[in-house]
Each structure stands twice: as C-alpha cells, then as structure tokens.
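Chain nomenclature is as follows: A, B, C and D, assigned in order of appearance, with residue numbering initiated at 1 for each chain independently.
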C-alpha cells in the first residue's frame, strides 16, 4: 500500500525562483536562506519518495475569477511550468501519476469534498519553487511524480482552516488506501506571514509564525479553531497560505515528529520558513 | 427576508429549444408536450418570482475536463447564452443578482461546500431551455434575475445524491438568510431517464421515473440512499441529471406540496417530465 | 477504478478520461462555429492539431460512435461532433444499437406505454 | 458582505470582485508575453479592449497600487502588471506605505529581530 513517509512545508516566494535562475544562492542575502535547506535535502535522500503530493495555492496562472475553485486536484500525465508575467525561465514539466490522482479524486468526492479535477494544468511558483528548492540537482529531470492540490487563497470566501485540515485527513486516507507500494511525501507550501497589498504592506508577525510552527507539530487541531479572517489579521493578507500547511499536516495520519525547522526573516516581503516532518503509521512501525 | 416560494423541475432537452426556435409547439409531436406547461405558467404567474435559482448541469459549454467543477455557482451580473455546437439561435443574456450570488457563496463555503465561483459564465441548454419553457412570453427580456448552480454530470466521480441533497438544504438556508424581501423559485432541470451512449442508447425506465416523481415529493431523503451508479443503472447514463432535481428539492425547507406533475415519453431520447412544487415555510404561513 | 456491470454502458471515469483527452478537447472546440468550419475544411489537419491518436482518428473518419466511446470519447463532447454531421441523438442512438432510426424511435415510444 | 476591521487591509471578497473584474481580467492576460507586449505598445487601446472603467484606467496610467486596489484590483493579478513595469513587491510595498524602498526593506528586516 502507498505510505506517506513524511511532509515538507516551505515558503515558495518567486524571488527564490529568480535567485536560483540567476545562480545567486551564495550571495550574502541568500546564503543563510539556501543553507537552511541542507537538512531537508538530507531527509529527502533517505525518504526516497516516489510521489510528491504538492498542496499549494495558484496565484493567478492556472485559474482565474471566471472559474475559481475552492480545491483543485491535478489528474494529468504531466504539469506545465509557464510564464507568470515576470519572464522567469520556465522549468521542465513535472511528471504526474494520473492513476493515483484519480484514486485520490474518487476518495475525496466519496468523502464529500467537492473538488475540481484538472486534466490539463499549469503549475505556478507555489508548486515550482518548492520543487526547485527540494530537488536542486534535478537537472531538468524531476526524480518524483507529482500530484498538485491547489487551495483557493485568491477570492474570498476561502475554505476555513478546519475545512483544509479535513481535506488533509481525507487526502491521507486516500493515499493510504492506494494498493501500490509507493513512498509519498506531502508538501505544503507558501507563507509564512506576509502582506503585499494595502497600507499594511510589509506586515510580518514573527510571534504568530512561531506559534504556528510550534502548534502545527504538536497540536495541529488547535489551528482549526482559527477563522480565515484570523489568519488575515495575524499572518497578513497573503499569510492565508498557511491553509496549505494545515492541509499538509492533516494528511499525516500517524505519529508525527519534527526532523528539521528553519525560520528566516525576510525573504522578499515574507517570513520564510521550512519544516520537515516524519510520519510513522502503525504499518510503517510494524515494517520497521 | 428572501423566501423560496416553490420549485419547478423540468426536462431541458435541446430538441425542445430547437422546437421553440422553429415555432413547432403546435406540431402533433410537440403539442401534448408544450400543453403540459400551461399549469406551470399559471403557477409562476401567481408565484411572481424575483429570482430563479437554476440548478442544472453544464453539458460541455462553460466547463471542460481541464477544470471540471463538482459544484459551480454563478456570480455575474449576467449570464451568456452561446452556440453549443449545433448552431441553434443564441438567446438574450440572463440577468444575474451578484449580491445574492455572493451571499449564497459565502454561506455555502461556510457550510463546507467547496464550490467554484464563476464571475463570467456561459449557460447552456440545461439553463436556457427551462427559461424558454417557463417564460415563453419573455420576448427577449427575461422577467427574473437568475442564479446558476451547475452540478457535474460529465466526469465521474459525480457528487452523490446525498451530497446534492445537502447542497440543496444549504442553498435553501442561504436564501432564507438573505436580508432582502425577494421571492425566489428554485428550478431543477434535466432528466428524467435517458441514455445517449453505448449499446444501451435509448434506455428509458418509466417505472423508476414514476418512483422518482412520487418519492421526491413525499419522501425525498429516501433518494439519498441511492448511489450515482444506482442512478446510472436505473435512470440511464444521462439520467444522473436527476441529481439536479434532488438538489432543488433539498432547497425547499418548509412544507412542500405538489401543484402539478406531467410525464411524457418520449421527448427526443428522454422521458420528459415536469413538477411544480409549493414551499410553505413558517414565515410564509404566518404572513398568509 | 471500479467497473460497474451495467449493460451497454461505460461510465466515463478517470480511466476513460485518460484515454480520450485529445479527442474530447477537439470535440469541445466544436462549440465555436469557426472551429467547426476549420474542421470541415480539413479534418485530418484538425485532428493533427489536437493530437488525436490513430484509434481516435479512425473512429472520427468512420463517424463510428461506439468506436469513439471506446477511444475515450465522452458523449457530451461527441454530441458536438455529431452536430457537425447534422446527426441528432436518435441518429447516433440508432447507429450504436444497430437499428434503423424508425425502429429506434419506436423503441423509445414503446418505453412509454 | 462582512467588513473586517483589519488595519490597512481590504479583504478581496465578492464586493471587491464585482468592482474589479475587467481590471483583473486585463492583468491576468499579462501571464502571456505577447499580451504584455501589446499592452506596452498601446496601453490605452489595451485598457479599452478589456473594458476598464475610468477609475481603473487612471490608476493604471498613474501606476498607483492603492488606487488599483480601490478600483477592485486583486494583488495577485496586479503583481503581473507590476512585472511589466519591472517593479517587485518591495517597490509596490514602498509605494503603498509611502516609504522609500530602503526604509521598507529595513522595516521587513526589523520584523525579524
């Protein structure tokens, strides 16, 4: 059966993609940030995922206001990287696993999640930057299959933290019921606190971010008591991306332990953060 | 407060639209069918709706497999009629009520329905044929505002009858909480039994249709025990459109009585049917 | 994907969808009159534009609905292809069931009695 | 729609969306380089093509982010307009808060200590 061996949460700021494209990882501004990923790379090497379930938010590449999903799940053979308006280099397409996608979609709909299925899908920096960060030696050939899940952060009303948590739980159950021996890592991307628009642009809330980093490991359901407006208030208008982290954490159905954590202010306008979590289910513990 | 005064369920077959466009309502084939709408027209006259909530299924005009919603809710100022591939005359746009749409969307998301919001939307025969049937004297100026709700019947997995019933309940609650004195009628369109594809093309199941027509009035929750596959088996591959009727019925939160019923085989490949229901809530009974 | 034993019926699930995406995308394009005209001018080039595979091209060329379904076509999009050929749902129903159109219509009428 | 008293923040809800659809549609088109080039060649014509109202046109002409937001713009689409102008998020942050870019960057850094 497929197993979720762990999860990685990471910021996905476009400026990171730009720095990678311009090979600036060793610039003084960037070095402390990129160095923070060494522990994640080491963990990924031993985790050996076959599939990455990528929970992120489209920022206006694949979806527009004419048809704005709450939850969208990719079901394509591959996912395209495209120009998002800033002329950054486009990356190689990301392989999908359509059979797994449809298995997940069937389970989510059966669990009463009213998803949008996407058989042709472009994935933006919310997806591509974390892939670039976590697989820096990919050299054009992504070493995993991917399964995108995009959560609406663009057009309020957004799904609540509680709803996103439940989505994560359902994704976890769906993966664990898949009858192929796949090793799966769930990514949750975006955040942490930031705000780009309004006179509160530049808002960062370190105190709340640290609370989120602590709580998401040891008491994630406490986060489901927050409303979307709480997130806007405390984490900034774009800090609502923390919904992706909540869904990611929900997918870990076993015993969860923290492998690594990093917090770095600022990356662009954002409080940058990374979290690596291990998930040990009963099945995995028996096999060990 | 807005009130749902009743509901109309009706088939929406394109051939009806063609017959209307070609002014064939009095042909021998069509006369018995169109005559059956007189009672619905009479009821609508006294119901005087300000808004029609149109629960239907897009058949491949507004949505494609690249982004296939489970539930989509219109939020535009107006909705366009467009060519669906058969060159039928396009109708005048249908006015929307964006404020009401957003109120409904906010409530649905708060009730954990993961809807797609649509700020620019073309509506196909599932929407336009019932409008044409129910407002034959519109003369180009639709006399009501409209709020489209499209349910996926194209790409399995489809939402279950139980899920569609719950959607209807939530729509009913959302409408009844709207602080403007609007008179609302809910339309549920499509069906009844039919199958267009495969060697079972032409399948019609009168017995099951009559069961549906009886049960949807007096014991609608019995229908929530059916699976989508039950509907495919009993009502035909396209008979799954009955999901729209189930959602319509779910929106009627008060005491429901049948005003009119008609059943007519065949219209094109389909068992044509119409149902007019009155909804009396506590508020309405007090006002009477 | 579950397989359901419903006679003469293929449920359009993920498995079917994966087979037929190119074919369905082409037929979805037939909403627009300009696209229908372009197809009519050169069917082969239009099929190439949409990347149809050999099985799908053959089914299109043969106007064979059962073959189009087997190649992953979804009837809602195939109906727009049928529209180009001026075929209605009784025509395609008759074709799929191997009946004459009159016999097919009589079967429908009989279901009502 | 509920109004939330979050300082310096407008929640992009249905009310904002209704104001800004044309503006957001135009900015969404800037994903494609060909559209960005067309806009650069004749901004006025491009705004007309998308049906922007006077308030939105003025805000575009003035490159004023707060005015664009007030006219119903959503920052995710406005970011693509900013990209045409080679402005990054610190540039637009500085503009909206009335600071110099250096002061804005310092404010961000200070939030980390």
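Following the convention adopted for this analysis, contacts are C-beta pairs under 8 Å (C-beta built on N, C-alpha and C of every residue); 3 or more make two chains touch, one makes a residue touch a chain.
This one's a predicted model, so the numbers in the text were calculated from it and none came from an experiment.
Asks: Could you tell me which chains are in contact with chain B and with chain C alike?
Replies: Intersection of chain B and chain C contact lists gives A.
Asks: Which chain pair shares more contacting C-beta pairs: A-D, or B-D?
Replies: Counting C-beta pairs in contact for A-D and B-D gives the edge to A-D.
Asks: Based only on mean CA positions, could you tell me how far chain A sits from chain D in angstrom?
Replies: Spacing between the chain centres: roughly 26 Å.
Asks: From the mean C-alpha coordinate of chain A to that of chain C, what's the distance rounded to whole Å?
Replies: Roughly 39 Å, centre to centre.
Asks: Compute the distance, rounded to whole Å, between the mean C-alpha positions of chain C and chain D.
Replies: 45
Asks: For chain A, give me the residues that contact two or more of the other chains.
Replies: Chain A, residues with two or more chain partners: 65-66, 105-106, 117, 119-120, 155, 157.
Asks: Multi-chain contacts in chain C: which residues touch at least two other chains?
Replies: Expected reply: 13-14, 17, 21, 25.
Asks: Can you identify all of the chain pairs that touch?
Replies: According to the stated criterion, the contacting chain pairs are A-B, A-C, A-D, B-C, B-D.
Asks: What residues of chain D sit close enough to touch chain A in their complex?
Replies: Against chain A, chain D makes touches at 4, 6-14, 17, 21, 24-25, 28, 30-33, 36, 65-66, 69, 74-81, 83-84, 88-90, 92-93, 96-97, 104-105, 107-109, 111-112.
Asks: Where on chain A is chain D touching in the complex?
Replies: 15, 59-61, 64-66, 82-87, 154-157, 195-206, 229, 232-233, 237-238, 264-266, 268-269, 271
Asks: Name, in rising order, each residue of chain A that touches chain C in their complex.
Replies: 75, 77, 98-99, 101-102, 105-106, 117, 119-120
Asks: In the complex, go through chain D and note every residue touching chain B.
Replies: The touching residues are 1, 13-15, 17-18, 21, 25.
Asks: What part of chain B is in contact with chain A in the complex they form?
Replies: 62-63, 65-72, 105-106, 109-110, 112-121, 155, 157-160, 163, 166
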